[in-house]
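As structure tokens, the structure follows; a few thoughts come after it.
Note that the chains are named A, B, C and D in the order they appear, and that numbering of residues resets to 1 at the start of each chain.
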């Protein structure tokens, strides 16, 4: 799962910097600090338009995230897990690795604290890091180009207070028809996000698996289902009755309606992203910190 | 639910002090400090045998908790919620109020911090406090005297890895037969304890209700059930098959086996306990603190 | 909870008939049969406009459900639980009792099977029935007239894939702030509906209690909460951020947006409905039938 | 996952028959019928001691299940999933395939109905079947020989009403410490058994994964965790406090105590079992049948 990087020579020459949406002083300061760290090491820096505006970078250094794959050999996001999710979708096809600086609380994905940018960055730029691959899902509706998701593809009710009815097929085999608020199709990465709120299990990031988590299912035995990561999942809006009320959302971006005649086809995307972490990265340590699993359990009424 | 106390005259003359089981320096120091506070106010103090031993009190000041009801007009527990649970069962019939000092983290019931005994105690002894009633359950097996529980009566498997089968009647009407690890019958007080771990709801302490929470039920639609606090609940071990493997536990004390011929009858106990709190007691504040509901939600992967 | 009716004299003289929306042959036949049964007994019959159209009743016999309270002394719905829910909201203030004929599967509320209308109806019209009261919730947003709900008032996200943030106050005391898809505020009647899908407990219909069930809460310790039936519940959309994305839905009818400046106030409605059942009505029998709790548990992999 | 068998020549010459424990007329009749079917095809039949006694087979045809691997090339169990679980543990190392006849309701594993033994068996004996592999877990405590489990290894409280405290390591990395009733470590096969009752997800049988499901965890964020099937899982009883109260149970057989000094090491067993099914075996069809997922959802209160 983790691969030690080769040498102390910096394996990265040009680095793209991507900012969290919504300008704040905090983001600006962090990007300025980051850019100065990178330049001290004589690395070339490019900025996404938002970051460029924030730090007043010259126009020729600004670059859309999706275009960074051609020019950069590392992308660093400054924000939170949401910023990294967006960058992952934009850069998945390029193959360049991603590193996330978190401006606030520790993220599941963005685990480099803003207070220690320089300290944490130095060894990483010297090639000392842990790397792991995280796969994305590709969702196809009709003949449209696939939508990517690093967390989840959610098929859910929209603009209605009624339940919707969905039919699921796994590798072409009918699994079930269910009524409820929808279904969350999540990667291991997404298993700590919306799927967890919906009652899904935590899935180890190294496991090649996909979770299907029903949202408020009408039938109580409609429980979360975990299938192989290379499964082909098809979800159909079952009835004309729900027309205009079933939508497909990728990583929280409401994207495209599902009609009674269409279906969404979900599969592992062809290219995973490569996520960099400071050496010694420990997934369970992050789970403990984020979920309050600390040594001293959080405390119910003692018996 | 809350009643202001009448005056600044101390409404309590003789006070019983009950210690947490398992001697520790911390408990001893807290009891010494408490006793000295009480004596400064010229109040009479009695100790349960454990507390008496801890502080080296003369023999004639030692008193079993169950006997404190005759002599004391307030009992103070020093420990945690578990210590208060035990005192509540021992003193339920006496009608004297209870106050809990917690040696460690904030308790659901014992909410007077050991670091601030003097500050918190002064107004309470002057009659300035909030009081609330909490009801107990009385569980009868065969003709035996009832067992009391402030949190819960649990009917569960014992000494077996197999499921047990139980039959539930509410006010004499058959509710269901279920297989699993057992059933938790909980008061509102107990709804934050084992019942919560088993998937039961939080019940407001002022609500006259009882929760029946199945433990790992074999049938997924066997969900927690909330009935009126004056319901008569009967639970039967359904088959001779489970003989010797079904036990009734009250507040975590494994008590009596349920045979195929017997059943357990559970009802609200005749006398509630009266729990004292510092003025301004807020149940939701305690829930927020204990369950990590703080203003800044505990944090999953942001979308 | 149940009151035997006085005599064999028919306590009802004029009966309103309310049809399920969406014309079907089945509904028409059932209403024709019902009307003929009632007329044989020389009872006066009125029809809601839908039912009137279905059976070709003269115009002067048609009456809006909400107007039936003035003229009728019993309303019979022909459809399912949804039809009865609608009638209950329309007739709650009138005080006339309701009886539900279910065209399909057994309902939680409408428990008179269409195949046995005559057999079941005869004793009821002769005054032999069980009656129970079910309370409704009244939801007020701003100064608007209250919306009624027999099942639930749901405050949920609308037209967005993002979480919303809600703040709850119980009797004016801040309970918590939570992020997620929303909150279901359910009566005991509604505890078998959407609230159950969301993980809420079953609440006995005779219990004076309200359940607050978070929908896919971001914080895992945000568990269902049961409070007294006379509680005043206030839910605020916490931030301007969610403007236009928080809606209040009563019994599945999306009704009114909640703005950052407004809040919804939920209380027990002043008048409960009176629901009639065939003699010997047994709530647990219905639960067993609807939830598959039959004697032979539904069956997981045997150990 | 499925492999068509080579030819119409019977691939099996000697067949072992294993009976459900607890004699019943039904079991005897089914075994007699099965034996006669097999003999008509001139196949050799061996019986486990129980089956031999039931049908009065000569002593030299009786064989312990664990010894069948040397002599038989197929084992058929007559009973339910429990009978097949036992046979799987006994025969896992031998590599011979297993076929399950279910005497009662459809099983997850034993899916050949007793009413149609002859019809279903004919094509299977002619080599027309679907085969799938299911892995077992091997649990080692101290230096003892490993215990096998096809469903689950459960580490749980024993002979106590108190919570126990367990520490989990995955591939040598500390995952968490948790308090509660225990932990279920389940294979995909076991994901429809106890783990499901405990809130775990359904795992597709073809997925190489293991679920860790906490039983009534004290900390509400201790959620089910799914890790790779080749993970090495270590669970420690955390404190001397629980001495004598933590036991390891494999497939429902309480086996060995865990002491404060010992730990249980759980890994995929070296040999999977090979399970035969009638052609056209469909895992989702069985899930739908067993979990009540039929086309017409089980039905809550309609909105």
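Criterion: a contact is a pair of C-beta atoms (placed from the backbone, for glycine too) under 8 Å apart; a residue touches a chain by one contact, two chains touch by 3 or more.
Values in this document were obtained by computation on a predicted structure and should not be read as measured data.
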Any chain that touches chain D and chain B: A, C
Copy pair chain A, chain B: interface residue numbering same or different (half cut): same
Pair of chains joined by more contacts [C-beta pairs], B-C or C-D: B-C
Most widely separated chain from chain D, with each centre as the mean of CA atoms: C
Geometric centre distance via CA averages, chain C-chain A, whole Å: 41
Intercentroid distance (Cα basis), chain D paired with chain C, Å: 45
Chain centre separation (chain B, chain C; CA means) in Å: 36
Numbers and ranges of chain D residues touching at least 2 other chains: 161-162, 194, 196-197, 199, 218, 220-221, 223, 252, 291-292, 298-300, 303
List of chain B residues in touch with chain A within their complex: 80-82, 85, 105, 107-109, 151, 189-190, 192-194, 196-197, 220-221, 223, 251-252, 290-292, 298-303
Chain A - residues contacting chain D, complex: 161-163, 170, 173-179, 196, 199-204, 206-207, 209, 211, 218-228, 231, 282, 284, 287-288, 291-293, 295, 297-300, 303
In the complex with chain C, residue positions of chain A that touch it: 154, 156, 158-162, 180-181, 194, 196-199, 215-218, 220-221, 247, 249, 252-254, 291, 298
